[in-house]
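First chain A sits with chain B, and in the next complex the same chain sits with chain C.
On to the complex of A and B.
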């Protein structure tokens, strides 16, 4: 009997090691349900009801209008973050002097609470789409730039010497030496930029907008509408976690190209 | 030395340009007052002490969130380091954690805890604690297993082992965690104050913005930036000095 239960426990352990994400999600759902039992209906909705309410919202055209609004702002902000971040990172990465002068500014930009800058963005762009895009891009551009800069300085100098020996032009050096060598780090920067841009866009919508998921959250807070708060939060967490997991898998594939791709 | 000069120029030149544009009314004071005006405003705010209560409130909450996250983060990290199964389970959470918009939980915290300091401290804590846990794990991973065995052979007690084996190896990682925790505690607390609260610097900025009171808003924004950057830079300095003393240069 004891032997059987020991074997069972070992089986259980092995299953958890094989699918940690699955068991993590189950564990979090259990915690959520327990928290609901503890605080009650005034503050929380149980998992099943939240999922059903979200499914209901997803069948209304108005909710999709909000999603489209947030999605558009986010995609443009992400494009700006990636392009500007790469440009800044490469410009500094290729010039040692510039890198040394400007790197502290980038690192400081990373540690500053950017939400404090929000009123300035609103005063410049006014309420609406441009302000959201700008705020999303402010959040995303710094990590992309920092990771790109670090990636450039991590490229072995011998590669550059080889490129010089082969008389590659500056542009060819960037294209066929620097970018392939730095790609894994740059990709990590884009992954982090992705999440921060999403957070920035949502924050932007919470204050300076009449549409979008962030606006929906803010009005729901005002009305104490728990159902909307929880289902929008759930949707955001689901989207962010899913995309990040996919990007992380690609990230690992870039870092270890030899090993065949496997779910992390 | 030359680099310091360039850095100074990189700050001063844009400021001077901004000053000229503002004085020429190319940028109206409704959008942005001249930098010199903002600086004078900051001086007035500090001298009059109108916002001392708000500053104190914000700094206290940031401090609370920071200390909590460091203590909880290091203990949790050390515990998870021993429980391998739990670590395997939580690893996916850690790697996606910072992709999740934590602020989205703030409304729930307000509903659960009310509009006191607790929701703000909790947001700062939640943002900061995971970076502390992850750094602690990385630090403990960096200790070579053979040194653990050496400690056993030398019959060091647990306290001695931590002091003379674990800490020296893990310290650089822990320091990175602490630095991140400070930044996240600031970002979390001020962000939460800004979204919805009744006190603190974030709230005062929001209030000034809603009243179009640029003479208060810009100096306070500058104050937050200065505090965050100063704290960050002093930690960098300190870390650099620690490393230099250990000969890592």
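On to the complex of A and C.
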């Protein structure tokens, strides 16, 4: 009996090591269920009911309209974050003098609570899509810029000496040495930028919008509609966690090019 | 070394002064040396004497403050001249490229056709014992193997002058001796002129035709010693009595300089 349970425990452990994320998800679902038992139906919905309610919502066109609204705002905000962040980060990364002048401003800008800027964003853009995009972008652009700048200055100087010894032109050095060498850190910046832009977009929708998932959350809070709150939150968590997992996997591949998928 | 060989590299009155916010540091010179075509020339000196700066100046990686460097009769400009290859002490492999792509990185930027690139790659892989690692990434290799990749990357460019800046400084003693043997083999196979910067006296004494001893900062050439080794030689030379005599001579010259370099005010 003891032997059998020991073997069972070993097999259990092996299964967990084989699929760590799967078991993390199962663990979180269990915690959720326990939290539901503790706080009750006034504050939470149990996992299964939430999933079923979300599945129901996903069959209505109106819900997809909200998703499309948030998705559009988010994709545009992310594009702005990445493009502007990369441009600022690379411009400063290629110019040490400019970097020394502007880096403190970037870091200061990053520590400003963005929500404090929200009234100004609303005054400039009014309620609607442009405000959400702007609010998402101001969350993402600074971290992408900071990561890109740091990535550029962290490239070992020996690589530039090697490039000079091989008579690379300045442009070729940027393209063929600086960018590939900095890419893993730049990609981490984009990954962080992704999460923060999503936060910014949803926040923007919560306070100055008449459509989108953030708006839906806010009205549900007003109506004490726990089902909608839980379903929308679950959807956001699922999307964010999935994309982040994919980005993280790509991040690891960039950091260690010797992984089987790329080595012949 | 045949003293009749033509002059390949020539330094005249070369000095280097670094200017920073803290003031001026006279790092090097004045230095006058001539390297003959095809010779193996080593430079030893106490730490901080400017020997790496000397290599940078010859490679045109940094301009001299005064004086002139000529390579094959032409003054060098502000880019590394064609025909000069440099190997550094630090790991200069590109971590995102595999061994083969690292080796051909510079070559692919030259007007050299594909079959020629492939031939030179295979030759360099074979010469450096890297045949089985062509598709490995630098992170999968030991320090010694990575340095071989860097040497191979220089060799495929078929340089006529190879500059090595303490290339084995980060390697253990046994690997250093073996790499020294390989370096001698490469030197004979390519017929290139080799300038080796090192702090290891035995390495200089074992490998070079001539060894220049540098003073503490500002680095000047104190003396140039001819080793008189035959062209066919390897690391077993360390057991020959002359090897001990040469190393002892180098150390006598260097001892006072090294102590000076260790004095706090010199740092």
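FYI, the second predicted complex is superposed on the first by the 248 of 264 C-alpha atoms of A that agree within 3 Å, B and C clash if a C-alpha of one lies under 4 Å from a C-alpha of the other, contacts with A are read in each partner's own complex, and residues count from 1 in each chain.
Everything that follows uses one rule, which is that a contact is a pair of C-beta atoms (placed from the backbone, for glycine too) under 8 Å apart; a residue touches a chain by one contact, two chains touch by 3 or more.
Note that the coordinates shown come from a computational prediction; the quantities given were computed from them, not determined experimentally.
Participant: Which holds for A:124: it touches chain B only (first), chain C only (second), both, or neither?
Facilitator: first
Participant: Contacts for A:99 in the overlay, against chain B (first) and chain C (second): which applies, first, second, both or neither?
Facilitator: Once the two structures are laid over each other on A, A:99 reaches no partner at all.
Participant: On the A-aligned overlay, A:183 touches which partner chain: chain B = first, chain C = second, or both, or neither?
Facilitator: After superposition on chain A, A:183 lies in contact with chain C alone.
Participant: Once the structures are superposed on A, label A:13 by its partner contacts, choosing first (chain B), second (chain C), both or neither.
Facilitator: first
Participant: For A:167, is the partner it touches chain B (first), chain C (second), both, or none of the two (neither)?
Facilitator: The answer is second: A:167 touches chain C but not chain B.
Participant: Looking at the overlay, does A:158 come into contact with chain B only (first), chain C only (second), both, or neither?
Facilitator: Only chain C is touched by A:158; chain B is not.
Participant: On the superposed three-chain arrangement, identify whether chain B or chain C touches more chain A residues.
Facilitator: Here the partner covering more residues of chain A is B.
Participant: Which partner does A:39 reach: the first (chain B), the second (chain C), both, or neither?
Facilitator: first
Participant: Using the superposition on chain A described above, determine whether A:77 touches chain B (first), chain C (second), both, or neither.
Facilitator: neither
Participant: Pick out the shared contact residues on chain A: the ones touching chain B in one complex and chain C in the other.
Facilitator: 264
Participant: Per the contact definition, I'd like the list of chain A residues that touch chain B in the complex.
Facilitator: Interface residues on the chain A side: 13, 16-17, 20-21, 23-24, 27-28, 39, 42-44, 97, 100-102, 104-105, 107-108, 110-120, 122-124, 192, 194-195, 198-199, 202-203, 206, 217, 220-221, 224, 226, 229-230, 232-233, 236-237, 240-241, 243-245, 248, 264.
Participant: Okay, in this complex, where on chain B does chain A touch?
Facilitator: 3, 6-7, 10, 30-32, 85, 88-93, 95-96, 98-101, 103-105, 107-108, 110-112, 182-183, 186-187, 190-191, 194-196, 201-202, 205-206, 208-209, 217-218, 221, 224-225, 228-229, 232-233, 236
Participant: Of all residues in chain C, which touch chain A in the complex?
Facilitator: Of all residues in chain C, those touching chain A are 59, 61, 79-80, 82, 84-86, 88, 90-92, 94-98, 105-106, 109, 135-137, 139-140, 150, 153-154, 157.
Participant: Chain C touches which residues of chain A in the complex?
Facilitator: That would be residues 156, 158-159, 161-162, 164-168, 172, 176-177, 180-181, 183, 254, 256-258, 263-264 of chain A.
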